[in-house]
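Each of the two complexes below includes chain A, the first together with chain B, the second together with chain C.
Let's look at the complex of A and B:
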């Protein structure tokens, strides 16, 4: 990536919306960004576990407690606030998880390989609620930093979307070097079918964390690095473009991904 | 936080009615808590970082960092001499190396903080262990001439507790 490319905005449309202080949802074929007053308040991508997965899969909240919150406050777009007011989560914790999920999904939404047309629906708000946004430039900057980090660990972008296959060395007992707990857990779920995103969802961790660990494991030779020409991360199928007008598209997409994982 | 309008009474009353905690003593403070909490959502980490900047003597800068991704969830201070985002990302390697060594040694203990002493500065890394906060650390750069290390460690601990609220 040249220096100029590294600093140009990922999406001109997004920069314009930020200038206009727009409120609504930006839909790309890699996911969605929710804006309020030109700042990013939420992001969703089929490649990243949603905030409900991050909060429930790790055991922090029971799925029932989360459902209760959505039922009580989802329609008012105040699910997050409800969780804090009813002492299910501490305010700081909510903020940290929300920011973590936002940047995690935004990384995929803003991936430079995203094709297709972007569209923007004015006025749409996210059901989780949006106390405090992040400036578009900061979100783009973080996505850029993450791309460079992965590049510096092991420059093979195909690993991000390909099924994770454990190398033979990793399977031989005794031959494997010591691995930190999280990397060992990830390698344990590498079955040659699951992608890093699918493993992240199972572990209840952000997808980007899985990308980092997969690159590190591949650099150690414990995960197979796919050969052949570079391919951009998997895209949503063409029919997705047609459901983009439905505000619940993000939900449908996640549902589809979840069904595929079964 | 001050620019948040007070929440309407109706909303407050309803959220109290739904509160499963069912506080029978129902004194003023417990009734006020939910509304107070809602205004704190917005700037919780920011408030914690501000507390660190103002209450700890000799602070140069402070950051809250996710150590797998290297992302600074918030930074305050720093300035041109110390780019906190760069420091945050770089220090994730320090934390990772130490955590790995501890696992390798089979030490069944947790890192509370890591101190790096420079000629003119202290760099203090405090790992957060609260529920849902694992994988984060607070990073504090102090002026060695002005700082009281024992006091700073103590105050950093209470700031971590504030984050939990």
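Let's look at the complex of A and C:
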């Protein structure tokens, strides 16, 4: 990635929506960004685990409690507030997860390789609800910083979407160097089929954390670095892009990815 | 057990004189004061700045280097750089083969890091986060004005308060 590309706004449409202080949802091929008064309040991407996965994976919140909150407050777009008010989660904990999930998904939504049309549906709010947004410039800046971080670790962007294959050295007992527990868990799930995003969803971690660990493991020679032609995620067909007019498009996209994971 | 623990009484020796909040233009800190009042992260960082000798504080995710909130001065001048660099240091500590040798539970084995320089103290406190590869509180203090024991006790209470239901 050239330096000029790194600093240009990722999406001119997003910058315009921020200026207009728009409220609604921006739908791209790579996922969705929810805006309120021109600030990003939520992001979703098929490549990143949803906030419900992050909240329930660590055992701090039971899936039942989460379902209860969605049933009670999802229609009012106040699921997060309900969890705090009913003492299921601390306010700080909720914010950490919400921001973590936001930047995690936004990284994929704003990936420069994303093609297709961007659509914006005015007035749409997310069911989770949010007390405050993050300025568009800050979200774009963080996505840029993350790309540069990955570049500095091991400059092979193809690793991000390719199935993770453990190198033969990693499989030989005794040949492996010391690995932190988080990386060892990831390597244990590398079966040559699962992508970093799929492994992150299984482990209940932000997908970007898996990208970081895969790059580190590849730099150590424990994960195969893909060679040959670039393998980018397939572009959705035209008929599929048009369903952006349907407010449930994000759900359908996630469903498609979930089915692919099976 | 952890969730039932009562919040600790705020430190008596706190002064307000260090309560300098600089919202970065376009930064995260600015975002939190809008909407429905002060948030959990903001409140935590403001209270950290009330500790004697506090110069700057941040809440950072240590795998990604994401600054979830920053307040006060940044050592070296740039909060984003401080967040990214302290995250690298925190990760090295959290995943160090020696420090993790007798690890027996989830989350980082290391709980706290104290770095003493000629002019200051740099404290890192890992928090029990909702997901693995979580966050730490970072506090930078002036060595002349700060009380290290008091600051560590205060930071510990604040880290617990962040995730206390």
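Here is the rule we use: the second predicted complex is superposed on the first by the 254 of 262 C-alpha atoms of A that agree within 3 Å, B and C clash if a C-alpha of one lies under 4 Å from a C-alpha of the other, contacts with A are read in each partner's own complex, and residues count from 1 in each chain.
In this section, a contact is a pair of C-beta atoms (placed from the backbone, for glycine too) under 8 Å apart; a residue touches a chain by one contact, two chains touch by 3 or more.
Since the model is a prediction, treat every value here as computed from it, not as a measurement.
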Quick check on the superposition: with chain A as the shared anchor, is it clash or fit for chain B versus chain C?
clash
Which of the two partners, first being chain B and second being chain C, lies in contact with A:174: first, second, both, or neither?
neither
Have a look at where A:72 lands relative to chain B and chain C in the superposition and call it first, second, both or neither.
first
Which holds for A:123: it touches chain B only (first), chain C only (second), both, or neither?
neither
Looking at the overlay, what does A:87 touch: chain B (first), chain C (second), both, or neither?
both
Name the chain, either chain B or chain C, that contacts more residues of chain A.
C
Touching both chain B and chain C, residues of chain A
55, 58, 60, 87, 89-97, 99-100, 103, 131-132, 142, 145-146, 149, 178, 180-182, 206, 208-209, 212-213
Complex contact set, residues of chain A against chain C:
39, 54-55, 57-58, 60-61, 87-97, 99-100, 103, 130-135, 137-138, 141-142, 145-146, 149, 178, 180-183, 203-206, 208-209, 212-213
Quick one: which bits of chain C touch chain A in the complex? Just the residue numbers, please.
26-28, 30-37, 39-41, 44, 59, 61, 63-66, 68, 80, 84, 94-95, 97, 100, 103, 106, 129-135, 161-165
Within their complex, chain B touches chain A through residues 15, 18-21, 34-35, 37-38, 40-45, 48, 64, 66, 68-71, 73, 85, 89, 96, 99-100, 103-104, 130-133, 136, 162-165
The answer for chain A against chain B in the complex is residues 55, 58, 60, 72, 80-81, 84-87, 89-97, 99-100, 103, 131-132, 142, 145-146, 149, 178, 180-182, 206, 208-209, 212-213
